[in-house]
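Each structure below is given as structure tokens.
Heads up, the next two complexes both have chain A, just with different partners, chain B and then chain C.
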Partner chain A sequence: MPKVTFPHVAESYRAFKMLLEDLGNEVILPPRPSMHTLDRGVQYAPEFACFPVKILLGTYLETCPQGVELIVTSGGVGPCRAGHYAQLHKKILRSLGYPIDIIVFEPPRLYPLDFLHNIQRLNPGRLSYRSVYECIKRAWRKLQALDDLEKLSHRVRPREITRGATTRTYRKVLEWIDRAYTWREIETAASSALHALHEVPQDPFRRILRVGIVGEIYVLLEPASNLEIEETLGHLGVEVERSMFLTGWTRDNTWAETSEGLTVKDAALPYLPELLGGHGRDSIGNTILYAKRGFDGVIQLAPFTCIPEIVARTILPRVSRDHNIPVLTFFLDEQTGKAGTATRLEAFVDLMRRKKSKQAGSDCNESLPWHRRGFGKYQYSNLR
Partner chain B sequence: MSVRVGIPGALLYYLYYPAWSVFFRSLGAEVVSSGRTTSEMLDQGVREALADACVPVKLYFGHVMTLAQKVDYLFIPRVVCLNKETTYCPKFLGMPDMIRHSIPDLPPMIDVRLDAREGWNALRLAYRQAAEMLGAGRWAADRAYWKAAAAERRLQALLQKGCQPPEAIKMLNRGVARPVPETTARASTGMVFAVLGYPYIIHDQYISLGMLPKLQKMGVRVVTAENLPHRQLMHWHSKLDKRLFWTFSDLCMRATEYLYARGGVDGIIHLTAFGCGPDSLLDKFMEMKAREQKTIPFMSLTIDEQSGEAGVATRLEAFVDMVRRKKGALPGA
Partner chain C sequence: MKAYLGIDVGSVSTNIVTCGEDGAVITGLYLRTRGRPIEAIQKGLQETAESLPPGVEIAGVGTTGSGRYLAGVMVGADVVKNEITAHAVAASAQEPDVQTVLEIGGQDSKIIILRDGVVTDFAMNTVCAAGTGSFLDQQAARLNIPITRFGELALQSTATVRIAGRCTVFAESDMIHKQQMGHALPDIINGLCEALVRNYLNNVGKGKEILPPVFFQGGVAANTGIKAAFERALHMPVTVPEHHKIMGAIGAAILAAEEIKECRTTRFKGFQIAGLPYRTSSFECDGCPNACEIAEIYENDKVIGRWGARCPRWDVV
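This part shows the complex of A and B:
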């Protein structure tokens, strides 16, 4: 059985593992990126490589010593660097003496033959196309379940009564989904997991802020690379909505919700008519959509030296002024500290709160998150 | 009085100024360029562009701001692709938008989209659009376009003869068509270095900290990617599984492969700008190539707005000495 590994992107590894094992590969699980991962990546990657390149390289360097033969990853066409990642990784890993090969999945719509060919390479069990299709379908369902769950956790966390309860429950129910295998099991696990998450005790009256998150896809999807910004925000009483998920399905909701039925592309058009590769244009378009939907603010996450996001960042202040929505940008790299980030986040949250209460003409204290309000009686009892 | 069109003296200036200036002049406009980079421009650019951009883009901002008050139109094209194959760095693609949305009080911008992939005469049509913004008709536009194309060919011819873009531009402006044999300068050591990198880094006296003149003073003759036989470079098959997407990076990679296969230079220097995205890949690939082949010494120099002239000079000298010693050790060299 060929030993296969793949990049770590949040919880998605649970689905990919299932898929690759179904096809008859031995999967070497990528560990969650840690400081150690980063150190390794930084050591061997070019200094100005995008942050994701460094993390991925670090991850591979942790799995390769376990005898990995194949790395499965996704490519990218168009003028951004993502399309060259795989080659760079291959060259570096080979020069370090790991005889690996990399399979790059390009969008199947553009390269249908390559896609099939790649599937065959990962199919040592020689399953029929039909059963391969079944496996993919199940894995996709699992991915969707994982995305749904994550999305819900973003909504529950700012309202939770006991701090940390959401995260604890979330961790627990992830395992349920992980264990599910057949279509039926996945469906059941998904719905009971969602249910369990709903059951986390919440304060429905809490005034929360809503923040949209835009930016480059990898740092958006992998919490380990963005210092768990969503969790941090949740604890500050902010509900986040991320503009991108692996399964991408949430987009349709977003589009429908704006009254004008704007697409991300249309929204960005007056500011950035050109597709830059990467997600620069989406960052702008989504910011505008969030503003139109009445969000309190937008946070842009980008890897340091990320070209499309730098372009977007140059234009965003204008968007922010035109649409009256605060925007905060984080350029992330191995030197980004958690403490500094938290301070900037808190300041940003305060700013949004002040802006909001000025608009509503309401009492400031009320709108603070519970852990920063004075301990009134009611609050105290909630705190146990 | 004729309208004044401003062409910032950065980025593509070094390869396309002759063509662009001929184009606008033949439409009856006056062409104003921001000239050589000064430290004020860099300061302005650094203030206006965001901190995370690369130096050349900051400089471009500086040039635009210097020009802004002096002209009626700014020529800031959206250069996507000129050779039907590779595109430019995404920052080129978003340049008009970045400028428009972050610098206040600009004169109108001629921001036509140049993308050769859109059809066999896409570029001509784009130039027509540009002419239209100045109120010129089709025929005038086409005539200007052909003149511009001729100017570009003249520039290429000069480059292929070994001129560097700034000299070539000067010569074209003065109407000299043949390079003055400047053999006196090469003299002493007989060493030839290839300096690879983006033209707007290498040839900008300010960003490159006067690297080319420095090398020449040390008695080293310099060739750049623009001087290598263009046709052959384009046919040189690159060992990467995929071509680099960006025109200049692709050219550099090809030049590297070509030089390592053909020899003919004693050292290769890669000049790269701090914070440049594409270079992070390119530099690594070049370095790996150099490590594989070992025949020609390789050095890569990163430059940012704070690099001191002294530091760069020291590194250059060390490299030149190293190459000289190596060369001296080779029998018959």
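This part shows the complex of A and C:
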């Protein structure tokens, strides 16, 4: 059985593992990116490369010594450096003495033959196309279940009564989904997991803030690369909605562009009529959509030196002014210290809280100074 | 008489103030942290206790700065607040109409935009600390000039010397180049001040609408050369408040006063903590692949605080 690995993107490895094993591969699981991963990635990646490349290379360097033969990853759409990074990874890994090959999945609607060819290379069991389709369908369902669960955790966490209860339950129920195998089992695990998360004791009257998160896909999806920003915000009493999930993004790039993707494009049109690679246009479009939906603020996450996000960053102040929504940008790099991020997030929460209560007009907390309004005692000095 | 204690533990300085109920400063202290925040806090508390007029009682404590959590557990803070809010609160307490706060500290610089007395936007330097106090300190040491004289020398400049401000490493080689060519020291120092201001406005101040009144706070505000460079670049007067070095601590004290107003008693442990033994240690958690680096602080051999964990495993209850 060929030994196969792939990048670590949050909890998605649970679905990919199942799929690749079904097709007859031996999966070497990528570990959650840690300090060790980063150290290795930084050592062998080009200095000017962006953060995701370094993390991915570090991840591969942790799995390759276990005898990996094949790495599966995705390509890039549009002019973003990430598109050629798979080839770069292959070169670096081979020069370090790992005889690996790399399979890059590009959007099948653009390259249908490559897609089928890649599937066959990952199908040593020679399953029929019909069986392969069934396996993909099941893995897809699992991926959806994982995304739904994560979305719900973002809504529950800011309202939880016992601090940390959401995260504990979330960790627990992830294992239920992990163990599910048949379609039926996945369905059952998904609904009981959602139910368990709903059952986390919450305060329905707590006044929470809503923040949209936009930016580059890897630092958005992998909490280990963004200093667990969603969890940190949740603990500050902020409900987070992320503009990108693996299932949504894959759908947009696999079959046809969904109407949702088109709306983002339309929204961004007055500011940026071009696709500039990566997710720069999405960052702008989604910020506008969040503003229209009445969100309290938007946070942009970008890897340091990421050109598409730098372009978006320079346009966002105008979007912020035109649509009256505060925007905060974080450029992420090797720094693992959480203190700087925490300071900015706390200040951003203060700012949004005040803005919200000012808009509410005759706020019941009007007697309080501006930085205290709009909230109960709970969120105050609540950050670890 | 009631007073409120504000403690700002920054990378370079640790500032401790006591303010009256009206926000007026009773005592103010600016100490170098010197990489030992616990000692700095203890020394500062001791000095504050000695200089407090008799009959003053501490009714509340607030902490801010990058060492705010450490200071918070040590002294028993009533409020622990980020330095952006603290600086904004202190500035608007002094000048309710203030619309822009420029703050340059030891390792960070920030800009805070206020409208109608509330913060509407802010920015902080992210991946580069070019143009902050530490670099000025370093250059002063290299030129063997006391940092306190840096500003007055810059003001003596008569000719323009352009220094690259994008990166401190290049700024330093540019300065050395200019000095070897024979430019006068005041001109070079003035060139550096202008480079820092240029970098600040392009980097931290990018896209922000800077309107008067403008306050300039933080340790670097003591540098009259930088103040003058800001005024030239912005074409408007820049005010350096009297207590510019300790504005963060003043903000923390004001926040503590507000916190206590809701009929609460302070958690302040008292000035005697200046004499207690504190020690810190750290270890790597082996609970999961995160391998968090946990730091802990002991008071009298009892753990009072832990940081660095990404999960609640090491929370101190």
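The rule is simple: the second predicted complex is superposed on the first by the 344 of 384 C-alpha atoms of A that agree within 3 Å, B and C clash if a C-alpha of one lies under 4 Å from a C-alpha of the other, contacts with A are read in each partner's own complex, and residues count from 1 in each chain.
The rule we apply is simple: a contact is a pair of C-beta atoms (placed from the backbone, for glycine too) under 8 Å apart; a residue touches a chain by one contact, two chains touch by 3 or more.
Note that this is a predicted model, so its numbers are computed, not measured.
**Q** Check whether A:Pro273 is in contact with chain B, with chain C, with both or with neither, and answer first, second, both or neither.
**A** So A:Pro273 only meets chain B here.
**Q** Quick check on the superposed pair: does A:Phe304 touch chain B, chain C, both, or neither? Answer first, second, both or neither.
**A** Touch status of A:Phe304: both partners.
**Q** Where does A:Leu113 make contact in the superposed view: on chain B (first), on chain C (second), on both, or on neither?
**A** Neither: A:Leu113 stays clear of chain B and chain C.
**Q** By the touch definition at the top of the document, which applies to A:Gly83: first (chain B), second (chain C), both, or neither?
**A** first
**Q** Considering only touches as defined above, state whether A:Lys358 meets chain B (first), chain C (second), both or neither.
**A** Touch partner of A:Lys358: chain C, not chain B.
**Q** Could you look at A:Arg32 and tell me whether it touches chain B, chain C, both or neither (first, second, both, neither)?
**A** Only chain C is touched by A:Arg32; chain B is not.
**Q** In the overlay, answer first, second, both or neither for which of chain B and chain C A:Pro326 touches.
**A** second
**Q** On chain A, what residues does chain B touch that chain C touches as well?
**A** 304, 314, 317, 331
**Q** What part of chain B is in contact with chain A in the complex they form?
**A** My answer: residues 49-50, 52-53, 78, 80, 87-91, 93-94, 97-98, 101-102, 113, 240-242, 244-246, 274-281, 283-285, 288, 291, 302.
**Q** For the complex, which residues does chain C have touching chain A?
**A** Residue positions touching the partner: 66, 79-85, 88-89, 108, 117-122, 124, 126-127, 206-208, 255, 258, 288-291, 293, 307-312, 315.
**Q** How about chain A: which of its residues touch chain C in the complex?
**A** Those residues of chain A that touch chain C are 31-32, 34-36, 163-164, 167, 224, 228, 231, 304, 314, 317, 326, 330-331, 333, 335, 338-340, 342-344, 346-348, 350-351, 354-355, 358, 368-372, 380-381, 384.
**Q** Could you pull out which chain A residues touch chain B in their complex?
**A** 45-50, 53, 78-81, 83-84, 87-88, 91-92, 95, 271-274, 276-278, 280, 304-308, 310-311, 313-315, 317-319, 331
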